Amino acid sequence: MIGHGFMGAAHSQGWRVAPRFFDLPLQPEMAVLVGRTGADASARKWGWAESATDWRAVIDRDDIDVVDIVTPGDTHREIAIAALAAGKHVLCEKPLANTVAEAEEMDAAATAAAERGIRSMVGFTYRRVPATTFARDLVASGRLGQVRQVRAEYLQDWLIDPEAPLTWRLKKDLAGSGALGDIGAHAIDLTEYITGQQVTSVSGIIETLVAERPLLGEGVGLSGTASSERGAVTVDDVALFTGRLSGGALASFEASRFRTGRKNALRIEISGSKGALAFDLERLNELEFYDATLPETQLGFQRILVTEHDHPYLAPWWPTGHMLGYEHGFSHQVGDFVTAIHAGAQPRPSFADGLHVQRVLDAVERSSAAGSTWIDTSA
Amino acid sequence: MIGHGFMGAAHSQGWRVAPRFFDLPLQPEMAVLVGRTGADASARKWGWAESATDWRAVIDRDDIDVVDIVTPGDTHREIAIAALAAGKHVLCEKPLANTVAEAEEMDAAATAAAERGIRSMVGFTYRRVPATTFARDLVASGRLGQVRQVRAEYLQDWLIDPEAPLTWRLKKDLAGSGALGDIGAHAIDLTEYITGQQVTSVSGIIETLVAERPLLGEGVGLSGTASSERGAVTVDDVALFTGRLSGGALASFEASRFRTGRKNALRIEISGSKGALAFDLERLNELEFYDATLPETQLGFQRILVTEHDHPYLAPWWPTGHMLGYEHGFSHQVGDFVTAIHAGAQPRPSFADGLHVQRVLDAVERSSAAGSTWIDTSA
Amino acid sequence: MIGHGFMGAAHSQGWRVAPRFFDLPLQPEMAVLVGRTGADASARKWGWAESATDWRAVIDRDDIDVVDIVTPGDTHREIAIAALAAGKHVLCEKPLANTVAEAEEMDAAATAAAERGIRSMVGFTYRRVPATTFARDLVASGRLGQVRQVRAEYLQDWLIDPEAPLTWRLKKDLAGSGALGDIGAHAIDLTEYITGQQVTSVSGIIETLVAERPLLGEGVGLSGTASSERGAVTVDDVALFTGRLSGGALASFEASRFRTGRKNALRIEISGSKGALAFDLERLNELEFYDATLPETQLGFQRILVTEHDHPYLAPWWPTGHMLGYEHGFSHQVGDFVTAIHAGAQPRPSFADGLHVQRVLDAVERSSAAGSTWIDTSA
Amino acid sequence: MIGHGFMGAAHSQGWRVAPRFFDLPLQPEMAVLVGRTGADASARKWGWAESATDWRAVIDRDDIDVVDIVTPGDTHREIAIAALAAGKHVLCEKPLANTVAEAEEMDAAATAAAERGIRSMVGFTYRRVPATTFARDLVASGRLGQVRQVRAEYLQDWLIDPEAPLTWRLKKDLAGSGALGDIGAHAIDLTEYITGQQVTSVSGIIETLVAERPLLGEGVGLSGTASSERGAVTVDDVALFTGRLSGGALASFEASRFRTGRKNALRIEISGSKGALAFDLERLNELEFYDATLPETQLGFQRILVTEHDHPYLAPWWPTGHMLGYEHGFSHQVGDFVTAIHAGAQPRPSFADGLHVQRVLDAVERSSAAGSTWIDTSA
C-alpha cells in the first residue's frame, strides 16, 4: 500500500478484516506500507510487515502481487501506470486522477494490462454499502420500472465558518478540485452504479462562496493557527448541476461544503415509473423503498433495515439488526477485488468507470465556465 | 351544547364544519350554547344562535334534538341522564364520568333510551383520525394476523417543572383523576378500538412524582401567579400498567405528564403474527405499517400518508398529500353521529364502551393500591 | 368570491373559520359566490348567502367590499383589474397571472388602487403555515447568520403512470404552465419570503418526461376514461433550476410531478453561517432547526413542534401538541388580509410580489429554451 | 478466549482491531482460542495463534494473562472462578451467570482477586456505543436535571411465526431464560449505566405467547428442519416490568421477541426535569437530546450525530459523519479493559454490576410468579 493518510487507515482495516469474515479464494498478506515520512510508525500501528519510502523499489519486488494506491490524486497516474507495467494488480483510491488526460492514460494502461491478466479497480467504496448494492439490485430487477429522475447530493458543512483557515484542500494547485471532485465524484459514481445509466451531458455551476480565508500561520494542516493575512480560495465550495442519463432520465446533483448541519450526507433518490428508492449515508444501514404498484391506500416509503442475511455482503457479518459502519465498505472492496483477481475477471468500478466520472466532473467545470450551457461528457 | 371550555371550541368547529364537507342526511343547526358565565360571548364567537345559563331549561325545549355535553366530568351523569330522559340524542365528551358507578347509571339510561330510538355516543375523537380508523380496518381485515402485543402510550410533559403551580387539574376532588383518566383513557379506548379486543384485567401503578407544588396566588387557572405556600398534588402524574386483552394479546400502557419533550404523543404500536402498525398523534396524517409476509430482504416499516381519497373520511377533504389537523376528528364525529341518528343505528363508541374504559381506569387504580396485583376489569 | 373549484372550498373554509378563532377588527360576511355553472349548489354547501353567474354585476354592488378570486389563472387579470377599479379590496389566488405582461398590468392597477386605500394580496398561503412564518422570523432575527444556500423543491408524483390521461392541466393553452407554474411558483415564493431575498437570475431546464398520453374519451376531468388515441403533452413535467439570490446565496430549485412517492412535498432547506432550517409540507407542524453555534458535541437538527402558544398564528388555536392542517393557512390568510384592510396597510404578498414570482418563472422558461444560460429576472 | 460462537467472532474483532486504532498501554496478543470442537478452524479464521480443547490447561499457562469467556451462561461460573484463581484477568460475556447464586460466587471471587490486582469485567458492550456513553455524560453533567422517568425496551421479532421451531434457546434448561435474560438484561444495564441509579424493586410479568412449537427434526440449530411433533416452549417470549430507581425515578421495561418489525431495537428514553434523551440501537450513531431550558418556541428533540472527534471513543476513528457499527463496541471494550488492567483500576461493569442485573432479572421472575407484586432487588 502506497500512502498512509486517512484513506490508508481505512484501506488497512479492509485488508485486515476482510479475510476474517469472508471466505476469500486468496489470502492477502499485508506486506509493505510506503510513505515518504512516518510510514514506519503507521506500518506498526496498522499491522503492515514492513515499511518503505521508495514506491518504485517496492513495485519492483517479486513478492508483491497487489499495489493499493491511497496517495493524493496528483500522484495516481505515475504510480498506477508503473505498477501495472510491473505486472501488479492495482487498487487505486478515487478520484482516479486529477485530470481527464491523466485518467485517459491510466485507462489505456489498465486496458493493456488486462490483456496480460492484470486487474485494476477504482476505490468508490460507497458502491459496497449493502444498501446501495441492494438498491442497484432492485433497479436492475425492474422494481422501479423506468427510471425518470434522480436526485443525488453529497452535503457537508465544514466550511460554513468564514474564518476557517485556508488549508491545502482549498487550493486548486494542490487539491485539484473542491467539493465537486472530492464528494461530487461519489454522487456521480453512485448514480451511474445504481441506475446502470451514464451521465451523457451536463449543465451546471461551481462556485466559491467564501472567496478569501485566513492564511495558516504556525503549524500545519487543519490544526494550524490562522494568521491575520488572507488568501484566495481557488477551489469550488459548491457544485450544482443537472445531467441527462443514457436511459432518458434527468438527474439533479449537488456537492457542497456549506450545507449547514449536514455532516456526511451522500443522499440519492431515484424515481421510477413503478417505484422509488432513497438512501442517505448518514443512515447507511437503511434503504427507503416505495412500491408504486401497491393499492392506493397502502402506498408509502418503507424503511428497510439492510441487515438481513440475504442482503448483499451481509451473510458473514452479524445477526439481523446489527449495524455495519463506514469502514465495512473497505472490507467488501478487498473481498471483491481479491475474488476478481482469483477469477480472472474485470472488477468494477474499472479505470474506465473512473475515467467516465472524471469526464463528467470536467464537463461540469466547463459548463460552469461557459455560463451553464450543456456539455457532452463524451467530448 | 353545554359547556364552553377548550372542548367547546373544538366541538363547535365540528358542528360548524362537518356539513360543509360531508353530505349529511340531516342539517345540524347550532342552536344554544349553555354556560354558567360568559356563554354569551362564546356563543357569538363560535356562532351559536343563542346562549343560556340553565341547561335544564334548554333540555326541555322542543326545538332541541341533540345535546352535546362538554362540561367537566363530574357533571356528565346528571346532564346526560336528564337529556336522554327528555328524548334528546346525547354526545358526551370523554371521560364518560368520573366514577364507574356514575358511568353505569349513564349506560343504563342510554340503553333504556335506545329502545325509544334515542342515540348516545362518547367523544373519543381519536378513533376518527383517518390513520387510526384505517389502522382498525387493517387489523379487522387480517393484515396483522393474530395480534400478540400492544404498546399504547399518551405522553405529555407540562408538569416537568416542579414549580408549576397547583391548579385544579392536580386536585382529585375537582379533576377526578390525573394522567390516567385524562389521557390514559384515550390510550385504552384506542387500543380497544383498533384491536377489536377488550382489556380484561390489569396490573399497574399510578404515581405522583412531584408531591407538593406552589399554591396559586392571585389570578386563576394556569395563568395565576404562584404563591410561596405549597399544597399537595392529589392526582397521579404518571400511570404505568399492563393489560390482558380478550383475544389473548398482552398490552403495555403508559400515561404521563412527565415525559419531557413529548407534547401530545398518543402513540400505539400493534404487533401481530403477520404485520404491525405504529401511530403517533404528533404525526397524525401518517400510519406506519409493516407487512411481515414480504420477502426477507424487503421487510420494513412503511410510512403511509393517510391522505388518499380512499382512506377513511378523506374523500370530501383535500387532494392527496394535503394534511388534516387535530380538529378534523370533531367534524368526523359530528358526521358519524348525525348519520347514525338518521339511520336509527347505535353510534360507537357507545356509553357501554365509555363505561368499559371507566372500568379499566378503576381497575388500574385498584391494582396500584393493592401492590400492582392483577384486577379483573369486569369486577 | 369568484370561482368554486378546489380553491373555492379552501377559501370558503378560511372565510368561515377565521372569525371564530381570531379577534378580527372587521367581521367578514360571506355574501356572494360567483360561478358560471353550479355556483348555487356550491354556495349552499359552503355557506355563501347568495350565488351569481355574472362576476361583473357582483363587482358593481355597493354592499361588496372584498373580491376573492379563485378562478383559473387566465381570468385573473380581467377580474382583478375590474374589481380594483370598482374600489374593492382584492385577494387573488396564485399564480397572479399566466404571463408576465398580465401580471404587470395587475401590479400597476394594484399600485394605483393602493393610493385610493384599496388593498390587494396574492394567495401564497404556504407563507402562513406557522412553521414557515416562524422560519422567516428565525432568519430575520439572525439565527442563521448569513444565508449561503437554499434548496427548495415541490415534489409530487401524480403523473408517473405513462397511461395517465391527457387532462387540461397538461395542455399549455389551458393550463399556462406545468409543474413550474403550478408548484414551482410556491417554491420560489417561499424561498423569497423566508430568506427575505429575491431571485435575481436563473439557469434551468424544464422538460416533459412523457411526451404523449391517451386522450380523454367519454367524461371530463380526471375522472374521464382514456381513449385509445394519444395527444401531445404541452406543459413541463419537471423543472430544475438554479438561482442567485439578492443577498448572495445560491438556490437550487425543483418542481416535479414525477418524484415517485412524494405526494405534496414542498420542502425547503436554508443553510447559513450560523444555522440551518428545514421544512417539509408533508409534516407541516414541524420545523427542523440547526444551531451551528452550539458546542461541537451538541450539534444536531432539532425537530421543533410548531404548536406552541407563542408560535406565529398559534395563540387562538389548540393547546401545545395539537396539530394544524392544510386549510388553516387559509384562515390565517383571511385574518391577515382583513387586519391589513382595517389598518390601511399593504398586505403581503402584494401583487408586486406575485409579479416577481411570475418574472422568475418566465426567466426559467427562457433559460431552458436558451440551453440553460443565465437569465436576469428583472429583464 | 474460551468459546467461539457469534460472540467469539465479535470479541475476536475487538481484540484484533482495538490496538490498530487506540494507543493502548499494553499490546494484546491473540494467543489461544479454546473450544470443544472446531476451535482449530475458528482460530485460523479469526487470527488466534493457537487453538485448544481444554480450557483448564490453558488457564494454567504462564504466558496467558487474560481470559475472555464467551461460552454459554451456564459455564461462566466455573471458568471465571478458575481463571481468577489462576491469577488471570477475566472478561466475561453477559449475562454474568444463569442464576443469582452463581453470580454471587463469581462476584465474591472477583472481589477476592481484586485484592491481588486481578481485574474482572462483564461484557455489556452497549455501554460503549459512543451515543450511550455520551448519554451517560449528559445525565452526569446535570443536563437532564432530576431524572423522573425511564422507558427502556429491547424489541426483536424473530419468534412471530408460530411455526418457528423449538430451538435450544426456547428451552429453559439450556438457555436459562428467554427474552428477559437475553435482551432484557441489556435494557436494565443500560438504564443503570446512563442514569447512574439502580433498580431497587420491580413488578412485572413474563409470558410465553406461543406455548408449543414444532420440534426440530434433522439438522441442528436454527437451520434444522421442523418435525411434525411439537414441544413446549419453556422460556418467556416477552417480559414487561416496572422498576423503581434508587434516585426516585420510575422505569418501565420491555423485552420481547414478538414486536413485529423490530429487529434489534434496544431503545431507551430518559425524561428529566431539565431535559430528555432518546436512543435506539437501530440508529446507533444518533442520540436525541431535548433541552427543556430553551425558550418555548425553540423546544424540540435534536438529532445529534455522535460522530464528532470530541464524542466518547470517537477521536481515533473516522472524520465527522462517518458511521460506526455494531462491533466497534467490542474494540472499545478491549481498550477500556486493557487500560484498566494497566492502570490497576477496577473496570466497569464489574462482576458486582453483573450480579445486580442478575438480581433484577431474578426479581422480575419472582414478581411474575407472585401475581406481579413488588419485589425488592436486594433481597
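Order as written gives the chain letters A, B, C and D; numbering starts at 1 within each chain.
Just so we're on the same page, a residue touches a chain if its C-beta (ideal position, glycine included) is under 8 Å from a C-beta of that chain, and two chains touch if they have at least 3 such contacts.
Just so we're clear, the structure is a prediction, and the values are computed from it rather than from any experiment.
Once you count every C-beta pair in contact for both, which comes out on top, C-D or B-D?
B-D
Would you identify the chain whose Cα-based centre sits farthest away from the centre of chain B?
So the chain farthest away from chain B turns out to be A.
Can you work out the whole-Å distance between the CA centroids of chain B and chain C?
About 36 Å separates the centre of chain B from that of chain C.
From the mean C-alpha coordinate of chain B to that of chain D, what's the distance rounded to whole Å?
Between these chains, centre-to-centre, one finds 40 Å.
How big is the gap, in whole Å, between where the Cα atoms of chain C centre and where those of chain D centre?
The mean C-alpha positions of chain C and chain D differ by 54 Å.
Which chain A residues touch at least two other chains?
Correct list: 299-301, 305.
Can you list the chain B residues touching chain C in their complex?
Of all residues in chain B, those touching chain C are 6, 9-10, 12-13, 16-17, 20-21, 45-47, 156, 158, 262-265, 281-285, 305, 307, 318-328.
Applying the document's contact rule, which stretches of chain C touch chain A when the two form their complex?
144, 148-149, 151, 157, 160-162, 203-205, 207, 209, 238, 240, 242, 250, 252, 254, 256, 258-261, 269, 271-273, 275-276, 290, 292, 299-301, 371-374
Quick one: in the complex, what on chain A touches chain B?
134, 289, 296-305, 308-311
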